[in-house]
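What follows is a set of structures for review.
Below are two complexes that have subunit A in common, paired first with subunit B and then with subunit C.
After this line comes the complex of A and B, so read on.
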C-alpha cells in the first residue's frame, strides 16, 4: 500500500518521465551498438568496419552502468527526499505506525518505488544488454563472461546502497525536502573534491575512501575485473605520480560501503520515531 | 511638555525614521536567523573544512616524518582555494544560505509573518539579501582567512609583508564569490519553485567553464574569479585558454552581475504570492 501511495505521488512528474526516457534512449543506443556487430547488412549499408566498432567487453558494460548510474542519482534526488519529508514534516509518521506496520516495513514501503525504478534503469537493462550480446554471439559467450552479468547486478546494488540509503537517511534527518536534496547534492560532490585534495597532497590513493563516487568506482572495477593501466613509476618532484601508486584494494571499498550503509540504516532507524519531543 | 520631549515625540513618529528603524531591526533579525545554530551548523562546518583539511594533511605529513612546508606550498594553496574554497565551499554554502532565505520560509510556511512587518516588501527583500551577504562574508571570508592561517601555521613560517597582501587578495576574491553566487542563488530561491535543479545545472556550467569557447567563458562567475585569483592555477590540458581581462573589469563585472541578480531577486520577492501548497 505504501509503495502504491509513493508511486501515486511521483508518477505524474515530467522530470521523472524525462529521466526514464533518457535511460531508455541510452539503453537503445547500447543495444544498437551490440546489434551492429552482428548485422552484416547494416554494416555494409553504413560502410562500417567491424574492427573499428566499439568492442563489446567489460568496459562497454561498465560505461553503460556509469551512464545509467548518473541517471539513477537524479532519480534518487527526485524520488527519495519527498516520500520521507512529506510524512515527517507533517507529523504523519504516528498515523502510519499506529497501524500494524513496523518501522522496517514503513521504510521499505517508502523506498520500494525508488528501488524498483533504480532497478529499471540499472541492472535490469544491463542484464538485457548482456542477454542480447550473449544471444547474438552464442558459442558460450554468456557462460565465459558470466562475471559481467554478476558485476552488472552487484554493481547496481552497490550504487543503490551508495546513493539511496544516504538519501533516505538525510531525508529523515533534515525533515525538509529542500534541505535533504541540497544535502544529498553536497554528499555527492563535496567528498570527491576532498578525496582529490588528500590524494594529491599526500600522494596516496587512500583519500578515495572519503568519496562515495570513488568507492563505487573501485568496487565496479573489481567486479568487472578491469585493471587500470599504471604509469611508469617515474618520480615527479621527488614523489611518485598518483597513477603509479597501487590503488585501494577492493575489499577496503566493500568494507567502507558496508559501514556507510550500516550508518545510514542506523540514522534511518533512529529518526523514524512516531513521536518526537516538542521543542520549547 | 518641554521642547526636547516634544521634538523626541515628533521624531519618534516620523514615518521615514520608523521605516529606517524597522529595516534595521529586520536586517538584524534576518542576520541572526541566518546564523542560528540549527541553520548554520552545516555552514560553519563547511566553512571550516579547508582549514581542517590543511591541518590534517600537515599533521599526517609530520607523522610520516615529512616536512609539511614542501607539500603545503603556495601552489598547493592556490589550487585548494580554487577547487575547494571557491568551487565547493563558497558555491554550495551560498546555495544553501541564499536559497533558504526565501524558499526556506516558504517550506516552513512562515513567509506571511515576514509580510506583516511594517516595512516595504522591496526593503524586506533587500534586507534578506544583505543579511545573507553578511552571514556569507563572515562564514566564508572567515573560512578563507582561517585556511590561510592554518597553512602558515603548518609551514612554521611567519607570513612576510607580501603574503599578508596575498591573504587580503584571497579573502577579497572569496567575498566577491559570495556576492556573485549569493545573488544568483537569491534570485533562484525567490524565482524558481524547485531551485536545486537549476542550481545543479549552474554548478555543471561553472565546472565545465574551461571547456567552453572563450566568448562563452565570460558568461560565468568562475571566469571573473579566476582572473582575480592571487595565486597561479594550472591550465587544463584540453580546455580553451581563457581570454584575458583586467582586474578592474573583472571586479566591475562581478559587482554588476551581483547587483543585477540581487535587484531581480528583490523584485521577484516583492511580487511573490504566497502559495504554500506543494512546498515541502
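After this line comes the complex of A and C, so read on.
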C-alpha cells in the first residue's frame, strides 16, 4: 500500500525515466561486449581481435557494478528524500502510526520502491550479465566464477546500505526535501575529501574508513577477489611505494558499513516519531 | 459494554519531565470531553492512549484492552483526528481518505466506497478530487474528521476539532460530531479548550490540570442537578451598606462570590424566590439594579475543578472524583 503510494509519487518523473534508461543502456553495452566474444561473425565484420577485446572477468563485472552504482546513487537522491519529507514536513506521520502500522512497516513501505528500483539497476542486471556470460561460455564457467555472482549480489546490497540508509536517515532528520538532498550530497562527497586529506597527510589507507565510497570499493574488491594494490583507493596517490602500504582489511570495511547501517537505522527509528514535542 | 477508558495510576514522563501524574479514573460516556488549560496534558493523554508515548508507570485500557504495545486489532478500531495541520500532499481528498481506510484494514474496494461516503458526510463531496494541499483550513479540518471515521472506529479521538474554523464551519463540525455520537456505534473523546464545544457534544468530562485529574463528571447528571444562583448587580452609595447586605445574606446561609464586572453570585434558595434579597436590600439601603436567575454551566464546573485542584504538582495525590 505504502509502496504503491511511493511509486505513485515518483513515477511521473522524467529524471527517473532518464536514470532507468541510462541503466538499461549501460547494461546493453556490457551485454554486447560479452556477446562480441562469442560472435565470430561480428568479430570478422568489425575486424576485431579477440585478444584485444575487454576481458570478461571479475574486473569487468566490477566496472559494471561501479557504473550502475553511480546511477543508483542518483536514483536514491531522487527517490528517498521526497517519500519521507512529504510526510514529515506535513506532520502526517501520526496518521500512519495511529493505525495498525508499525514504524518498521512504515519505513519499509516507504523504502520498498527505492529498494526495488535499486535492485533493478544493480544486482538484477548484474546477474543477468553473469548468466549471459556463463551461458555463452559454458564449460562450467558459471560454477568456477560463482564468487562473481555472489559479489554482484552482496556488493549491490552493500551499496544500497551505504547510500539508501543514510538517505533515509538524513531525510527524516532534515524533514525538507531540498535540505535532505543537499545533506545527502554532502554526506557522500565531504567524507571522501576528509578521507583523502587523512590518507595523504598521514600516508595511511585508514582514512578510507571515513568515506562511504571507499568503504564500498574496499568491500567490492574483496568480494570480487581483486587483490591488485592499485585498485585500492588510497594507493592511487602513492607517495610511498605501492606495495609498502597495506590496504585496509575488508573486514574493517564490513564492520564500518555495519556500524554505519546500525547508526542510520537508529536515527531513522528515533526520527520517525508521530508527534514532535509535547503540546500539553 | 466495557468501560471506554480505564486509567490506573497512568504516568507519562517525556524529556525527563513527568507530564501525566498517576492518573486514575474510569470513563464510560459515549462522548467524553477532555478539558484543561493549556499544558494540562490533554494531548499527551490522547497520544499515550494511541501508543505514541510509552507510559512510565501504571496502566490504561481502551474498551477493555490494555494500551501497551502495538496491538493491531486495537489500533484498527481507533480513529484519530490530530490537532495540528497535517496532510499528505500530492493526494486528492478521496485518495487520502481511502489510503487511511486501507491502512486501518479495509480492502481496497470497500476503502474507496467508504472514503466517498465519509467525504460526503463531512461535506467535501464536491472537493474530493482536489489535492488536499489546496484545501482551506475548514476543509482540512473536515478532511481530518473524514479520515478519522472512515473505517467506523469504535472509539475516535478528536483533538481540538474546531480549531481555526469560522462560526458556520464550527457549527457544521459540532453537528457532525453530535451525529457521530448519536449514531451509537462510535464512542468519542473530544479534547478542546472551548467549553461550549464540549458542553454541546459530550455527556462526560475529564478535567486535567497540571497533568493530574482535577475532575471526572457525568455531564448528564450535572445537567439534571444543576445548582441555581442569582446573578446580582447592586447600586449603593455606601460600600458599608453593600458589605452589610452581603453579611446578612451569609448569615442567612447563602453563598456569595464576586463575579467579573462587580456582579455577585448568590446561591439560590430551594424555592428560588428573590424575596429575601429584596427584603435585605431594603433594610440595608442598597438598590438591586439587576437580578438574573442562572444555573451552573460547564464553565462553573470547570472552574470549580481547577480551583480545587492542587497548584503544586508535587503537593499531593490524585484529585480524581468519579461520579
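Following the convention adopted for this analysis, the second predicted complex is superposed on the first by the 261 of 280 C-alpha atoms of A that agree within 3 Å, B and C clash if a C-alpha of one lies under 4 Å from a C-alpha of the other, contacts with A are read in each partner's own complex, and residues count from 1 in each chain.
Convention: contacts are C-beta pairs under 8 Å (C-beta built on N, C-alpha and C of every residue); 3 or more make two chains touch, one makes a residue touch a chain.
Computed from a prediction, not measured in an experiment: that's the story for all the values here.
When both complexes are superposed on subunit A, subunit B and subunit C sit side by side without a clash. In the superposed pair of complexes, A:91 makes contact with subunit C only, with no contact to subunit B.
By the touch criterion defined above, A:54 lies against neither subunit B nor subunit C after alignment on the C-alpha atoms of chain A.
Legend: residue contacts after superposition of the two complexes on their common chain; A:102 is shown touching subunit C, with no touch to subunit B. Shared-chain residue A:181: touches subunit B; no touch with subunit C. In the superposition on chain A, A:25 contacts neither subunit B nor subunit C.
Once the two complexes are overlaid on the shared chain, A:202 sits against subunit B while remaining clear of subunit C. Minimum C-alpha separation, subunit B to subunit C, in the superposed model: 8 Å.
Where the contact sets of subunit A with subunit B and with subunit C meet, they give residues 86.
Residues 15, 77, 82, 85-86, 89, 176-179, 181-183, 185-186, 189-190, 193-194, 196-198, 200-202 of subunit A touch subunit B in their complex. Within the complex, the subunit B residues that touch subunit A are 42, 46, 49, 53, 56-57, 60-61, 71-72, 76, 79-80, 83-84, 87-88, 92, 95-96, 99-100, 103-104, 107-108, 195-197, 199-200, 203, 280. Interface residues of subunit A facing subunit C in the complex, by the touch rule stated above, are 1, 5, 9, 86-87, 90-92, 94-102, 273-275, 278-280. The part of subunit C that touches subunit A in the complex is made up of residues 14-15, 19, 36, 38-44, 47, 50-53, 70, 72-73, 75-76, 78, 80, 82-91, 99-100, 102-105, 147.
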